[in-house]
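Please find the structures below.
What follows is a pair of complexes built around chain A, which joins chain B in one and chain C in the other.
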Partner chain A sequence: MVNESGQLYTIEGIAAGMIMLVTAYLVLGATSVYTPGDTHISDMQLEQLGTDALRMMNTPVNGTSESQLREIIENDDANAFNTQFLNYVNSKTGTETDNLHYVAEVSYRNITDGGTTWSYPLADNNRPLTGGEHPVRVTEWVIVHKTLPPDAPYAPKDRAVLVEVLLWRD
Partner chain B sequence: MTDDAGNLSIDFLAGFTIFMIALIYVATLIPGLFIGLESQTIDYDAVAYRTGVILAEDPGMPDNPAWETFPDERRDEVLRFGLAISKDHPNILMPQKVDRFFCSTWSYDDYRSRAVFGDYPYKYNISLKVEGEPVIRSTGEEKPDGYGYIRRVVKVKGTSNATIDHEKVSKYDYISHDNVTNDVFSIHINCTELLHNETIKNPVYQINPLKDQIMINITDLDQMGNTSINTSLTDITIYRIKPISSNSPLRLAPIRTFDTPYIDSETSSVSGLPVKVTKNITMIFPPGFFSDFADDTTQLYVFLNFTHDSWKQNYLNNTWNEGPWNVSKSFEYDYNPVNVTQPELKDGVLEVAVW
Partner chain C sequence: MAGLNDDAQWIVMMGFVVSFSLFFLAMILNQSTVVGQTTAEGVLEFPKNDIRDVRSVIISSAEIGDPSDVHNDITSLALSRKGAVVDYTITPPTGSDLNTHITIHYNNGVTEYNEIWTSP
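On to the complex of A and B.
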């Protein structure tokens, strides 16, 4: 009688396992998995553009003047922000322009009430966020010479404020 | 009877071995599985982004001496393009780098190997629009329908210039009241003061005579002296004072001439001096003109030597008071905005498309 010791009875199992592995590999390799890759890239482009725009607005044009962004915040000049920011983010090298929308606000620490963070709207381009957009958030720290909050009992002095902009494309 | 407790089944051994080999094999394949998920568009966008960063945030390599100063014969020494003034000032572009970058002497492959990079032979279009400039600078091919893209908001450093008109001449008393046949006017470019100024320390706003273009206009010459007597600009000579050691006396020494001013609003410069002049003189010293013979401790004087056909009075002269080559009344090319229009940053947009 033939001794069964040492026999491999699981050839079917091995074959089935190999088939399953090969199948799994082929399926994984052939499947188009839809990742939000393009959205991510658009986000990156928008973030870069918005960051650049705020940085350039916060760069004085010469060695003796203040930056546009600082003057805008000190004077609460929403129109100037709207014009300048849209000019920066919508400009292209060709004749056509982009069509971006934004909402901007300013945050600062209120030193009169123990340091809580206060915010107020700075500007927008009359396109309120409805929730369906896919905005990116860009920020820039700015040093301003101002009394914050406006009714605080101290004279204007240098304060660091954070300009936050939500930026999106329709 | 043989006790088989503790024996390991060969079935189990074989199955476990195959399983482990398969597991290791599949694990090594997993990174490769995701290659298919990366679309070409994403790749192009990433390359465009990288090129945008290199151009807008990097000064290029080599940086000292700067790549933009290399002539075409030394193009192989340029390792990487970059337009930023320095790494510390991203998005602020240097006009000399911009001019050199968009110079037509670079080939398609030069841009590809120094700005776009990558093993794949990407096609590209790089364009720059600067506020106030009528021409959009561009290099590369026309963009197809689909391409990777990045847009950077930048500023380009402007150039300084000085205009010495009748008003300034009266204000600073740059008039010789002697009846002479020769007048000399001097302009002082103090490199030490310009590059080590206490107030203007940021290179973005500095007037750098070693790197920047220096432009000097002298106007209203027809409102000085007797206009019926012809005047010629005989020569323009650059003099230098450079402290060699702390003990040696300072001495003015002629170092170079400048023979290509623009005379009387002509659109092209003259090819040599002397030349007859009636109304105005424009001297445009190109970037790097002074760098061969000056550094940040040098004081430079630009002397304009005028010769009249006959005795002439009340003409442009600020060296007459205490004898020739008196430089105490020289026109100062400095950070005083009354004297010199200071360099300002101009807005610009840089676009990179890759496909």
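On to the complex of A and C.
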């Protein structure tokens, strides 16, 4: 016959053990969620910043002129894009600048092979993607007057292209 | 209470109360860290800028003389590069109706947007 004294202590021990196990599980789960939650917030800000910069570049200064982004794509002017885009995204209050980098591409529909999507590099700031960055992707639709693909046997005509920018901070 | 001294039951009960309150505090702490993530995810995954952008390019394409290439560009690029089904129809001014009407449909599988735009 087993001595049945001390049953309350046994129950209390089991209950305390379970509480400690579940608490440890909750706390460990909480810390593993915290890091992605944190990066999401800075991603959100970066995405809005990049979208706004592209939107500003795609806004004409008056009703008759073309937007700056449209002129850049029509002339393949990588330097103008680099200067203006970095100026918009890296400006901060005061003299110090932010440290954002980007790779920009233009996607278009190839009308010579039945409509597959092609992309070509538009500009970058000499920081190739190594795979260790955590970039966000921002895009802007632009209507251009251009021959696409460049070697197609057509005169320039109005086309819609998608400017895609990968943007990251390091 | 089989063979057990039943003094100090008050202390045992307070022990339980304190442990359970710690347990619930841990649960609240666990939930609070997810709040930032779900909020940011909600903002990131809602295609606000995509819809604004495609809407503005569609409306500006109404002023182009031959919009058939632009129409195919927008629908095919939106599907292949943005993962969204976009379609629109431009009805130019006819007869006594001096306004341009555009019906816009956008659907990326999660968010759907439909609009009938009338020129001012």
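Keep this in mind: the second predicted complex is superposed on the first by the 136 of 170 C-alpha atoms of A that agree within 3 Å, B and C clash if a C-alpha of one lies under 4 Å from a C-alpha of the other, contacts with A are read in each partner's own complex, and residues count from 1 in each chain.
The rule is simple: a contact is a pair of C-beta atoms (placed from the backbone, for glycine too) under 8 Å apart; a residue touches a chain by one contact, two chains touch by 3 or more.
All of these numbers come straight from a predicted model, not from anything done at the bench.
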| item | value |
| --- | --- |
| Contacts of A:Gly115 with chain B and chain C, given as first, second, both or neither | second |
| First (chain B), second (chain C), both or neither touched by A:Met56 | first |
| Winner by number of chain A residues touched, once chain B and chain C are compared | C |
| Touched partner set for A:Ile41, first chain B, second chain C, both or neither | both |
| First (chain B), second (chain C), both or neither touched by A:Gly17 | first |
| First, second, both or neither for A:Leu129, with chain B first and chain C second | neither |
| Which of chain B and chain C A:Gly29 touches, first, second, both or neither | both |
| Overlap of chain C and chain B interfaces on chain A (superposed complexes) | 6, 8-9, 29, 33, 37-38, 41, 44, 48, 55 |
| Touching residues on chain A, where the partner in the complex is chain C | 3-9, 12, 15-16, 19, 22-23, 26-27, 29-31, 33-34, 36-38, 40-41, 43-44, 47-48, 51, 55, 107-109, 111, 115, 117, 138-143, 157-162, 164 |
| Parts of chain C lying in touch with chain A, wherever the complex brings them together | 1-4, 12, 15-16, 19-20, 22-23, 26-27, 29-30, 33-34, 36-37, 40-41, 43-44, 49-50, 53-54, 56-57, 60-61, 64-67, 69-70, 72-74, 76-77, 80-82 |
| Chain B-facing residues of chain A, complex | 6, 8-10, 13-14, 17-18, 21, 24-25, 28-29, 32-33, 35, 37-38, 41, 44-45, 48-49, 52-53, 55-56, 59-64, 87-89, 91-94 |
| Touching residues (chain side chain B, partner chain A) in the complex | 10-11, 14-15, 18-19, 22, 26, 29, 33, 36-39, 41-42, 45-46, 49, 52, 56, 90-92, 127-129, 136, 138, 149-155, 199-200, 202, 204-206, 335, 337, 342-345, 347, 349-351 |
